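Listed next: structures, encoded as structure tokens.
Same chain, two partners: chain A is paired with chain B first, then with chain C.
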Partner chain A sequence: MLDPEERWRLIDKLARETVEYGADRSTIGSVLAELTVKPLTGIPFALAVLYGFWGFFDAFAGFFTDGFFVPLFDDHWLPWIQNAFPLKGSWLYYILVGDPEAVNSFEALGMLTSGVFVAIGVVLPAIVAFYLIITILEDSGYMPRLAVLVDTVLHKIGLHGFAVVPMILSLGCNVPGVASTRTLETKKQRFMMMILLSVFIPCGAQLGVMLSLIPEFFGYIMIYLLAGFFVFGWILNRLIPGRSPEIITDVPPLRIPTFKNVSRKLWVKVKGFFTNAIPFVLLGVGLVNLLYLGGVISWLANSLEPLFTGWFGIPKETVAPLIAGFLRKDLAVAQLSAIDMSGFQLITSVVIISIYFPCIATFSMIIKEGRNSGGVIKVLGGSLLTLITVVFLWGGLLHLIGILLGVA
Partner chain B sequence: MNRKILDTLLALVGACTFIPGLLEILFGLTGETYTWAILSFGGDYDLWRGLILVASGSLFFFTINQPISVQKRAQAVLASAMIWIVGGIEILSTVLNSIPGGEGSWFNTTSEFLSYYTGPFTPSLLLLPVSLVLVILVSSVEVKNDS
Partner chain C sequence: MTILLMGHPNVGKSAVFNRLTGANITESNYPGTTVDFTEGYAFIEGEEYKIIDVPGTFSTEPKDEAEKVALDILAEHDDPIVIVVIDSTKVERGLYLAFEVMERGYRVLIDLNMWDDAEKHDLEIDVCQLEKILGVPVVPTVAISGKGISTLVENVPSASRTDIGELREKITNL
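Moving on to the complex of A and B:
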């Protein structure tokens, strides 16, 4: 195998023998493509692109959720199903419809009320907006440029610029994010990325719920999670043995995405959400309601109270969302917003929901991909050890910060 | 159009982008909002918007004194594209906010709908048509040195 120095010498030799140099025929497109990868012009432009990303996300998801789905579910669907569903007062009514006196879909907590509202009214618009932008960025050729721009930063934690692809995919859903770690070169990089993604990168559904329900705390939560990504990335890079090689990559030209390709990709992704995510959301609500009825939630809340209030500084009632979070993080965040707590406790709870454990779908993917990244047992053991360390250290540190600032 | 006139225009648009950007950052840091005539500073993401406008204004300044080339054109287009992204999002958000009605009705009444379009506006929104004209002008100038 050639080392990077030898590879470059070989490339120079091949280039001398094969490339003919003529007059430079730069076009606006080619110069623009060049400017977007140069740090001086590329970073400010990336800042603008990310602004466009969040601005679109905010406007689009807000339009559908606040403008139409909230009135539809709160004023029409909820009162109708509360009256039309038979067996009021039975356990079946409690699981499927929830609280018969609830005045909004969030507080009803039934499978057919909160479950359907979270899946369709909150997450679906967020997912469509997110995947639309991601698809446009992919098809325009801008994504590899972003990879080049963040290459230097990611090198500090033993990764390279193309690790931004799993990162961005994970912002949509952690499952394809974890699956795409197989494009990284070494077992060390794959393991690191799988853990960091599943712990510190919230999925599009969770982001959507956070933006819709707690927009005032969104920035703080994201900064703390991203700080955790780099701090634990740096630590893992030093602790895990293995190589972090350089890569040479081709950056494609900028192109205008075609409507046909964008709509086709968007449809495939949204269809995946309908078939994979919605059953999990409904199942999550049903499971939590069953555990409530069986007294498991109150037993767990009482048993874990010293840890929750003492170490993390959050109320014991967050146990139920934490259990729901194993199935769907977006559902868990939605349930958190209905619990009475201070702003700082809400920030801490959302951070804990994000980092305490990946959702079941991501966890299954980590096990599957673990086979190619050092063996299932090794990856699973390493993951669990890292997860426990991260949740105690990073969650406890946030509580400590709150105490020092006088807000916890 | 000769280079001198083009550079003057680029400097003017650069200043009109850079200064409001600085003000947006200032209002973002203090958390205040300020309205002057139809111009408004502050609101959601103002710090972010300010940084983008300052960067865009700086890029316009970089293009001054360069010979008319593809490089100069591309820099002006990139600086303008940054304004278009911010301004475009403002337009999209105004349009989408103006459609749904409040309690009891699905859609806004005509007068409420139109009230969203009477201002005040953020600097990026007002700069959007100016930068569009500038890009058309820059593109229409003949390139003499293409290397």
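Moving on to the complex of A and C:
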């Protein structure tokens, strides 16, 4: 083996003989590429990009969900299946169809009504819109530029700019988000990031349901969750031993995403949604209905009532969506619609659903990745401890804020 | 027979992999897209090769979990062919990794990817001379459009080992 110095010397000489550099011309692309990383121009550009993409997400998902799927399900599918399905009043009817009197598909709570509606009508358009955006962010080469811009901010919580990549991927789905923490250098950073992502970053499916169900509260919820990300990031950074090294990264040239690659990635995600996500949504609806019939839900609701109403200030019935949330967060948020509560309680409930526990898919990914970053027991123990603390503090604080504002 | 695709982050290894195997793994324009390895198969001149898309790595000294995965794969396989994928606009640093792999005695084939970018920058690389000096095949490609991939495939069987002592002498005498 050569030593590095000699290796570089040889390569230098070899390159001088075989490579000839031309004059570097600046093009519109390279000028734009330069402007996107300079803070003075880059930050307004980043805000414009994020706002533009957000507008697209909102418009796209809104168009398909409100414009097409809501009328389709509420006016046609729901009334039809409520009448056509036999055995009204039986437990099977309850599990599959749900409430025979329901007039909207969110509130019917059957597998074939709410389950199919949430999966296809609400989450599918959101997933398509979101992955289209994420793919364009990925393929254009904009992600590392965003990383450069937010580097200073993320250093305050012991991370560095590149942590923005797992954050953005988690906005699509927490599972690849957690996997992508592998590019972080130290165990401390990976551990922190896995926790913060799985607790505070809602996934695209959940965002889709939130947007459709409670667009008026959307901003508040996101701000409260992001604030939690930074507050607990700051605390974890001080508590967890380990280093947070600086990074040096390449910023690739901006490229125009190719239609082929974008459509291919989108197809892979949509296929994954049909095979991995939809079964879980349906399973979640079925499971909660079974637990209702078995009396488990009302028993849990009654025993947890002091905690729910006393500490968090939310109705005890919220326990059912929280159970569904183990399987799918999107479903959990959707199930809140059937519970009678105030606006502030709704905000609190959505926050609690987001932070109380990662969905099962994310949880298994944390276990899998934990093996490579300090051992499963340590990572899992640490995660659970952090999780419980976060839920009580951050959930309780929101209740307190509500009391102080006089709305809770 | 196993082929490993190795190279720095964001040089297009996954794009080459998709071209070689017809797979659909994620390609993106940022370093660190691939954090785990993916396997696929390709028939080359009547022989079946297992092809592995290895996470990007700067050198054979790992600095994060994804690079550790990369080096474990290199160590795990018995005498694989290593296609070192290089960003044509950043030849020197790509060669650094290629040297490290050649020094370890692996059979190497060099893929100068993103050749179109090099052309855009008026960068001229003397592929023939590079090939002659290094003693391994060097193939320019544009993986996202598929250009040069068939030449790359044709050259897989001629991937070869380089005697580092001889290489040192050849370069010093240039």
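Rule of thumb we're sticking to: the second predicted complex is superposed on the first by the 384 of 408 C-alpha atoms of A that agree within 3 Å, B and C clash if a C-alpha of one lies under 4 Å from a C-alpha of the other, contacts with A are read in each partner's own complex, and residues count from 1 in each chain.
Please note the rule applied: a residue touches a chain if its C-beta (ideal position, glycine included) is under 8 Å from a C-beta of that chain, and two chains touch if they have at least 3 such contacts.
Being a predicted model, the structure only gives us computed values, none of them experimental.
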>> Quick check on the superposed pair: does A:L2 touch chain B, chain C, both, or neither? Answer first, second, both or neither.
In response: second
>> Touch test for A:G141: chain B only (first), chain C only (second), both, or neither?
In response: second
> Does the superposition put A:R190 against chain B (first), chain C (second), both, or neither?
Replying inline: second
>> On the A-aligned overlay, A:V407 touches which partner chain: chain B = first, chain C = second, or both, or neither?
In response: neither
>> In the overlaid three-chain picture, which partner chain does A:R255 touch, first (chain B) or second (chain C), both, or neither?
In response: second
>> With both structures fitted on chain A, tell me whether chain B or chain C touches more of chain A's residues.
In response: C
>> Quick check on the superposed pair: does A:F63 touch chain B, chain C, both, or neither? Answer first, second, both or neither.
In response: first
> Is A:A48 contacted by the first partner chain B, the second partner chain C, both or neither?
Replying inline: first
> Just which bits of chain A does chain B share with chain C as contact spots?
Replying inline: 24-25
> In their shared complex, at which residues does chain A touch chain C?
Replying inline: 1-2, 6-8, 10-15, 17-25, 135, 138-141, 143-144, 162, 165, 179-180, 182-185, 190, 249-250, 252-253, 255, 257-258, 261, 264-265, 267-268, 372-373
>> Can you tell me which positions in chain C touch chain A when the two form their complex?
In response: 8-10, 24, 26-33, 35-36, 55, 63-66, 69, 91-92, 95-96, 99-100, 103-104, 117, 121-126, 129-130, 133-134, 144, 164, 167-168, 171-172, 174
> For the complex, which residues does chain A have touching chain B?
Replying inline: 24-28, 31-32, 35-36, 41, 44-45, 47-49, 51-52, 54-56, 58-60, 62-63, 66-68, 71
> Can you list the chain B residues touching chain A in their complex?
Replying inline: 44-45, 48-49, 51-52, 55-56, 58-59, 70-71, 73-75, 77-78, 81-82, 85-86, 88-89, 92-93, 96-97, 99-100, 103, 106, 139, 146-147
